[in-house]
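Take a look at these structures.
Next come two complexes built around chain A: one with chain B, the other with chain C.
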Partner chain A sequence: MRLSTEHTGSTFTAHLAERLSFADHPAFRTLIEDIARAKPSSCVFELSELQSIDSAGLGMFLIALDGAKKGGWSLTLRNAQGHVKSLLQLGRFDKLLQLE
Partner chain B sequence: MSTQPEPITANMISQDARSEALGLLSRWLGLSEFQQRTLGSIIQEVSQVSTEMQGSIEGISGRIQNIATRSREQVETVRHLSETANRVEFHGESVPIDAIAASLGETLSELIEKIIYLSSRGVSMVYTLDDVFADLKTVEGSVTRIDQINRQTRLLALNAKIEAARAGEFGAGFAVVADEVRILSSSVDELSEGLKNQIRKIGAGLQHSYSILREIATIDMSEQNLEANSRITRLMEAMVTQASETATILARAADASGDIANDMSATIIAMQFQDRATQHLDAVCKVLDDLKQSQTELATTHLPALGDFSPDETAERAWIARLLDRVTLGDMKRRLIDDLKLAHDFLPAASTAPPPPTNAGDDIELF
Partner chain C sequence: MHLALPNLKLSSRELRDPGLSPATDDARILVVDDSPTMLTVIVSTLRRHGFVNVVSATDGQEAMEAILARAPDLIITDLLMPTVDGFELCRWIRSHESYRDIPILAETGLGKSEGSVDAFASGATDLIMKPINTLELIARVKVHLERRRLLDNLLEFRRHMEMELASARSMQHSILPSSEAIEQIERDYALDIGQYYKASQGLGGDIWNVIDFGTGVVAFFAADFSGHGVSAALNTFRLHTFLDRDMNTAVEPDEFLRRVNVFLCNTLPLGQFATIFCGLIDVEAGELRFASAAAPPMLLCHADGQCKTLECSGLPLGVSLDADFEAHKCAFPVDSQLLLYSDALIETPDPPESIYTPDSLRQTLQGYAGLPAAEVVSRIVTGLYERSDEKPEDDLTVVVIRRLARQQRGDAA
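Let's turn to the complex of A and B:
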């Protein structure tokens, strides 16, 4: 996974690119900790450049959602494309968080 | 002033006129006899036609009634097929195919939700194991620190032993303490080594658990698998469409069978003309019978006046020949010849020759 973040006002944005898989779990944990430290009111995962994802990657979104509930921030998954978008729909993420 | 014509009396009729009148009566009576027989024959023909028509039409009506009944049964069967074409029996319930397709999609989504949840718990467990690894590293560092302290303790015990030796007799007690400290240091060494072994085993166990969790958390969700799901969805959609089309076609077939049954019923009603036709033919037969009776009475009344006069056979033959020429049906012609009590060679060969045999026998002649 290629990751870049920005924190503007009360919004924390993380750009996730290439592939999100099990191997990325240490980097993803660090990301969740960074967000928790930043204490935003909302967090956006920008997924337009994320080309593929496995079940562990989707599971990590749920871990991020657990963190959002604990930290009191909202989580939005934005601009998912192709295969990633199909999996988010099949996994019915729209029932759990904001999909844009 | 007009004068009344004088009435004609028997004395006024000449002998020639009487002969002529008797000749005329003779011809009339001769013809009348054949006409009576002809009328009798015609009455028989009409009655026979009426009976045959009644039998045939009753037969046809019965068959049409059977067809109408079968058509109505077919309507019920096809309607049932139409209603069940897009449903399947499942656990004793009739379930629409589109509901099954939706249920399959729902089940797939639920499966994927569970996989994702399982994966998220797997990754959470990995994070917990990472924390345990970190704690184990701290413990490992503490054991290393204990080793370092123990080495220093051993050195101190050795130094104490050397100093005790230098002190001679006064240091003997101190030497004993130094030996005890060395023994204690050895015990700490053994304990430390045991701890390090246990830490290595725990580390290996955690590493193994980590590998298992990786397998649990990482389930292939490649595009090929998604494509398989897409194929199933398209297949179910095709099945739903086909079932719907089949139901529509069967419904149309049921409607067509219903139309046929209705047409058959209407045909049966229309064929009730046969009752009226039979009544008309009966009336015709009665009129013809009256005519025949009247002629018989007239002939009976006037026959004595003929005396020796014999009938004009030439005129009779000519009349009969014309009559038979008009009858084209072979069976009817033969029955008429029988009823007229004629010899079968009465007519010239061309007229009396039996009709050529046909495949349908002599019952029906095609025109």
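Let's turn to the complex of A and C:
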């Protein structure tokens, strides 16, 4: 996974690129901690450059959602494409998360 | 008051060089040199520094005999010797599997770089310059013995882990349906079932089963736990235990998913889940009833080769207690075949480079109408391995269930 973040006002944006997989678990945990420290009111995962994701990667979104509920921030997954979009639809993640 | 002190006698071991670990002072060291003076210098230096197990040989031939009698932990050898020289001795040692890891320190004269290169090419591990610097000799011996000890530990650890994994792998295969159980169901229900299962790391998070509850329908499921390796494999055992204990009667597929979801929601840690496709084949009614929790799009093909993608969307299991699952049904006439698979089939290599996509898999399967189930599975899996430079990163399960006319059973078998 290639990751870049920006914190503007009350919004924290994480740009996730390439592939999100099991191996990215430590980096993703750090990202969740960074978001919690920033105390935003909303967080956006920008996924337009994320080409693929595995089941562990989808699990990380659930971990992020848990962090959002505990930290009182909203979580939005934005611009998922191709394979990532298909898996989010297949798993009905729209019932759990805000997808744009 | 008088205290009697014990009579202390220090053995050579207790007087050893404090830099030696217990594993190195007992090391068996073979010194090979045709010069009696050099032999005496090296052997006595080693003994003086606490090495109590030193043997010597005066040429390569004698060294070979000593090695065959008992392999040493380290060898120090001269290169230029009569009969069998040091180069030939090195080559002979390296040509034997059981001696390949023994460190060999070759004595060489200063400035003889050509001989040094030949010594390494012949299998020497390191060089000792002549005239011998005793401190350097001892330092090099210690380093190579320690390195050998660490290597042995690693190899032993690896051997141990491989045995553990082989045992665990065998246990995991035991929770998959046995070939006898599959054959019984094939006979009783005029079905033809082909299957392939391969864990990506020895152990995997895929599990599938086909069960006859004796109610006239065949129940089956294919599950894939998130992640792979040991943690995912442990989850397959959790599921197997739950199903064995609490799900020993046939229930409709959507109800099956609800019950398993409650179990997994109460069992799995945050971030872990399972995708599952489950179904019931009612042979008498010619019907397939199924439900899915985010399983990859399974395929159903009919005798004319037309294939359709089954509705498989749904929340994965173990994520939300509020999840509900839709029941579906469709015709499953004679000569229909159902393809079940885990996502590694359509995600190898990583998307978008994957060999199969759900759509290309459907087209591929259309060309396999009428083939025995095992042949269909074999062609699909072979197609993946032959066309992909990468092995699946995740566990791979492929199952084909084909319905036969009663009289076809013998032909398919």
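Brief remarks on what is shown
Here is the rule we use: the second predicted complex is superposed on the first by the 100 of 100 C-alpha atoms of A that agree within 3 Å, B and C clash if a C-alpha of one lies under 4 Å from a C-alpha of the other, contacts with A are read in each partner's own complex, and residues count from 1 in each chain.
Criterion: a contact is a pair of C-beta atoms (placed from the backbone, for glycine too) under 8 Å apart; a residue touches a chain by one contact, two chains touch by 3 or more.
The shown structure was predicted, so the numbers you read here are calculated from the model rather than taken from an experiment.
By the touch criterion stated above, A:L58 is placed in contact with chain B and with chain C alike. Applying the stated contact rule after C-alpha superposition, one finds that A:L47 touches neither chain B nor chain C.
Contacts of A:A80 after superposition on the shared chain: neither chain B nor chain C is touched. By the touch criterion defined above, A:A14 reaches neither chain B nor chain C. In the superposition on chain A, contact of A:F22 is made with both chain B and chain C. In the superposed model, A:R92 lies in contact with both chain B and chain C.
Annotation: chain A residues 21-22, 52, 54-56, 58-60, 62-63, 66, 83, 90-92 touch chain B in one complex and chain C in the other. Within the complex formed with chain A, the chain C residues making contact are 224-228, 270-273, 275, 294, 296-297, 312-316, 319-320, 323, 343, 347, 350-352, 393-394.
Contacts from chain A toward chain B in the complex involve residues 21-22, 25-26, 28-29, 52-56, 58-63, 66, 83, 86-87, 90-92. Contact residues of chain A toward chain C in the complex are 19, 21-22, 51-52, 54-56, 58-60, 62-63, 66, 82-83, 89-92, 95-96. Within the complex, the chain B residues that touch chain A are 108-109, 112-113, 115-124, 126-127, 130, 214, 217-223, 226, 229.
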